[in-house]
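What follows are several structures.
Next, two complexes with subunit A in common: one pairs it with subunit B, the other with subunit C.
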Partner chain A sequence: MEFFLSLSYKEWIKMRLFVAIVLALSLALLVYIYTDLAHQERMEGASLLVYKFITGYHVLNTFIKLPLIASLTLALSQFLPEMFNKRLKLTLHLPAHEYDIIGSMLMFGVLIYAAIMLLTYVALSITLSSFLPTEYVYIELMAFLLWAVAGLTVYGFTSAVCIEPTLHNKINIALIGISATVLSFWAEYVRATYLFPMTVVLAASGLLMSVYATSRFKRGIM
Partner chain B sequence: MNEIIRCENITHYYGNKLIYKNINFDVEKGKILGLLGKNGTGKTTIINILNGYLTPTEGCCTIFGHDVRHQTPEDKARIGLLLEGHVQYTFFNVNQIERFYSRFYPNWNADAYYDLIKQLHIGEHQRISSMSCGQRSQVALGLLFAQDPELLILDDFSMGLDPGYRRLFIERLLEFVRNGNKTVFLTSHIIQDMEMLIDDCMVFDYGRVLLHKPTAEIMNTFCRYTFDSASEEIPPIVGLWHTARVGNQWETYSFQGEEMVRSLLNDYAIKNLVCHSHLSLEDAFIGLTGKY
Partner chain C sequence: MIKTIRIILVGVTTIVASIILPSMLKHATDKPLTYKFAVYSELAHTIFYYDYQKNNVDITDKQGNIYTMAEADSLMPIYNYRQLVQMNKMPDSIEGIPVTQREVLNAVHRITIDNDYIDWPDDKIGMLYESMPKRVGLVMPNDYFRFTPTGIEFENAETHEIDEAKSRTYTNALHKNGVSFPIRSMSGDVNARKRYDEGYFITDAKGELFHMKMVNGKPFIRNTKVTDTLEVARFTMSLPLNHNYYGYIISADSSLWILNAGDGAYSLSRLDIPPISLGKESVRVLGSMFYWTIYVTNNEGRHIYVVDSKDLKLVDEDFLPSPEVWSEKWLSKLFFAYTELHHYDSYFDYPRIKFGGWLALIFNVIIAGIYIAARYRRLSRNENIASAIFLVITGVSGLAGLLLVPNERHQQLINK
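Coming up: the complex of A and B.
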């Protein structure tokens, strides 16, 4: 735990500006959702707004971009500086086992991502509750949560592409990652909730791919 | 255990290209070993092997008696690493980087770091990314001093430094190493810097270790000879290095005395043999490896 906290200091300094940018984006989307719903309610009335939801309207479809952009931004802000001048060598030289080091870095990234998604989730639930009945708030929030998990696939595979030492494998991982991302977001976009376990497996695969890429980097594979 | 570093039968290929074949060397405790070699002879490769960032095709290196491919956290804490170009985390400022590293090392000596930083006249909140290459080198050196490692591995420490900073780096490093009985393995492109720093010198040629001797022995016994000869060509002779015509004269290098060199060149009707002793390390390096 002490090692994780010590390493987190570096990760935080490195990523904090980008965390702020993602939070600002999340806030902007929330403001957009709020003003859109407020406008529709004012123009069409509350009952017609609820009726639109009954007939399949999903106010949150704009929000599908947030987990995608957030996870991509966080992974790039965390691992691109490590690969510049091969600084990852310095990190892996810290007195700990390499799997503890990369595991702690990934855990920090996942926790930051989860914190941003949680804050957004809470703010969304407050926003939607002021316009919609509880049942529809629940449906929309479930969709958002599933997208958030799908975002972890992007985080894992983007990190792996950054760390992987060979161009050939970078391309392979990127292609696998793009396929996994499309599959995850498609499954959640069409609300195929029965495919949620697949999304979790794909997200875990992305994170494991980062660990695998680190092991290849450490062995100096060229 | 007197050998801090031991490399045995190291063979390495990049694809089909041979870098080394069966090289062996040790670095004894308290010694400063300088690794010299032309570009592409594998200096950085050996540093990467020593740090466990490259697995050699064959052979094994140990540091503190442990295989470098499986370094323990305790061993890593005992090794100070300077990457080529004084690479550090440039997103930190002067204080932040000290605070970050201090949490990992049990013998951390913050005073050693800040004593060095004070002399640079830079603010505590200045980001490393906004520093000159020389200032960054001092930050990297200060962090190594604060870590207080038993072994320092420095890859091309003089890269990008002007003469003033190079001298500063060497003086401070020497003081630190001599006071603490540290062991150092280093490479540099600027050989004149090595002259005042290293105890032992190892010269890499393409695929092999050309020479591994105490620096003083090389500088005291290795000589450049010039002579006249009517011969069109002098083939390689064991005991003479890089015999070549330079202008109207011939030159050769040797660890042998004047009489022995004269007898080795007996078949080539040489005249006016002159020994130019007290070579600089750079001259000796050129004599050993050739100009091309």
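Coming up: the complex of A and C.
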């Protein structure tokens, strides 16, 4: 535990500025959603807003960008500095197994990402509940939840691309990552209900790819 | 450990490739699946086809005769009604029956029956309009409703507070008229621009079909009693201009019925067409004064049925085979198995493995052969056998998995 906390502190120093940026972006999007819904309700009336949702309107289309940008920013802020001058080598020389080290680093990144998404989720649910019937709040929130999990795919594969020692394998992993990301964001809203298991598997394999890349890095494959 | 991780990653990449590669092939080559538009001629008594090309329209009949636009206009006066009126060529009577503009326009109706997907998600929220407004034109209500497991709940659209009094009135009325909860499904037209309102049709826990609307602010609930004749699989509400019927029913035995609107009574008429495959065929109806055309489209093609508008008896039918899809043809040659996320019979997207074709196995064997030939020195005997079997089954997708996921052994050998 102490080991995890110390490593986390090191990660936090690298990431804190970017965490603030992502939080600011999330806040900006929330303000946008709120003003947009309030504007529609004022201009068209509350009934028409509900009517639009019954006939298939959705409000979260701008929010799909948040998990994408957040995960990309966090992964880059965490692993890009490690790759300059091969700093990750130092970390891997700590008296612990490479899986524990990279596992802790990834876990910290995932926790930070999850915390940001959780905050956004709560704020979003409060915002939407003041405008929409619970049924539609649920649909929109489930869509956001799926995108939040899909963001982990981006996080895992971006980290793996950073860590992977050889250039041509960086490109290969990027190809897999882009394909997996396309699949993670394949469908939206109700249509994507049953895509959750696949998205979780893809997110997990992204993180696994980072572990795999670290093991290759540790053994000095170039 | 590291070997297990690699095997998992190769597996996941193979699955990802088996979705991405076919969908890229489809995306790059797919053309719209268009059918010639079928119209029944009231005068020639046969089906005509309008084939809309880029710059011209080819008009043929079922027998293959070719017609000019002017000939077609006069042979299908109802379909080309507006054109004929504009040219002052509209006949006063068709087949000896006098026609007026009002009758022709009122009898026209187009509807898509909810049958495209077997698992179409039901509406959870409805809006109950006043069916008999004091003035012409419908006013959008300021509340919406949902069915709870034991009743109905009206909520204010702005404050989202439950209107207790209204909810109680309607719940009591529903119970009094024999509706058993929970409700299975509801069908209604929520469109604010509809000409008139008929509220909702609800299927209750026992499968009975009830009509629910608001008349002068009071609940109007009736059992349609259609379950005496049939079992309702799906109800689609329709609001024709002539107020003749309420909607379409697909019964559990796959036949298509209409629910007639009489004076306070509900009666059924069966459309004399072959059974419809439930949730797997799209069904569209184009109705007019004399004949109704029903388009039933599935994977194989489009069936066209023409029924007489008076007795709904089948008059003519035809079948247009589905245009050949270039990508499907090639997918069956390139992939022994691949994964699809979008399905023709389901509203939801989820991975489903599809069988391509046995021919693709030959292609896979070639891929496996080339791979092993290039790599066999670097792999152990067991690894060679495993890779070969894997590639024969998965083909291109498996190759993507093996090539893209970094290979330990291979790299170390290069370093030496």
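Note that in this section the second predicted complex is superposed on the first by the 217 of 222 C-alpha atoms of A that agree within 3 Å, B and C clash if a C-alpha of one lies under 4 Å from a C-alpha of the other, contacts with A are read in each partner's own complex, and residues count from 1 in each chain.
FYI, a contact is a pair of C-beta atoms (placed from the backbone, for glycine too) under 8 Å apart; a residue touches a chain by one contact, two chains touch by 3 or more.
This structure is a prediction, so every number in the text was calculated from the model and none was measured.
Peer 1: On the A-aligned overlay, A:L25 touches which partner chain: subunit B = first, subunit C = second, or both, or neither?
Peer 2: So A:L25 meets neither subunit B nor subunit C here.
Peer 1: After lining up the shared chain so the two structures overlap, which partner does A:P95 touch, if you call subunit B first and subunit C second: first, second, both or neither?
Peer 2: Only subunit B; A:P95 stays clear of subunit C.
Peer 1: Mind working out whether A:R87 is in touch with subunit B, subunit C, both or neither, as first, second, both or neither?
Peer 2: Once the two structures are laid over each other on A, A:R87 reaches subunit B alone.
Peer 1: By the touch definition at the top of the document, which applies to A:K14: first (subunit B), second (subunit C), both, or neither?
Peer 2: First partner only, subunit B.
Peer 1: Counting only touches as set out at the top, which of subunit B and subunit C does A:L68 meet: first, second, both, neither?
Peer 2: So A:L68 meets neither subunit B nor subunit C here.
Peer 1: Which holds for A:T193: it touches subunit B only (first), subunit C only (second), both, or neither?
Peer 2: A:T193: touches subunit C, not subunit B.
Peer 1: Counting touched residues of subunit A, say whether subunit B or subunit C comes out ahead.
Peer 2: Between subunit B and subunit C, C touches the greater number of residues in subunit A.
Peer 1: For A:A46 in the superposed arrangement: first (subunit B), second (subunit C), both or neither?
Peer 2: A:A46 contacts subunit C only, not subunit B.
Peer 1: Mind working out whether A:A114 is in touch with subunit B, subunit C, both or neither, as first, second, both or neither?
Peer 2: In the superposition, A:A114 contacts neither subunit B nor subunit C.
Peer 1: From the superposed pair, tell me which subunit A residues show up as contacts to subunit B and also as contacts to subunit C.
Peer 2: Residues 222, which sit in both footprints.
Peer 1: Given the complex with subunit A, which residues does subunit B contribute to the contact?
Peer 2: 14, 48, 51-55, 73-74, 76-77, 79, 81, 83, 85, 87-89, 91-92, 96, 99-100, 103-105
Peer 1: Under the definition above, what is the set of subunit C residues touching subunit A in their complex?
Peer 2: 1-2, 5-6, 8-9, 12-13, 16-17, 19-20, 121, 123-127, 140-144, 146, 155-158, 160, 190-192, 341, 347-351, 403-406, 408, 411-412, 415
Peer 1: Which subunit A residues qualify as touching subunit C in the complex?
Peer 2: 41, 45-51, 53-55, 99, 129-130, 133, 135-136, 164, 166, 169, 172-173, 175-176, 179-180, 182-183, 186-187, 190-195, 198, 201-202, 205, 208-209, 211-213, 215-216, 221-222
Peer 1: Taking the touch rule as given, give the residues of subunit A at its contact with subunit B in the complex, in rising order.
Peer 2: Going through subunit A, the ones touching subunit B are 2-3, 6, 9-10, 13-14, 81, 85-87, 89-90, 92-97, 217-220, 222.
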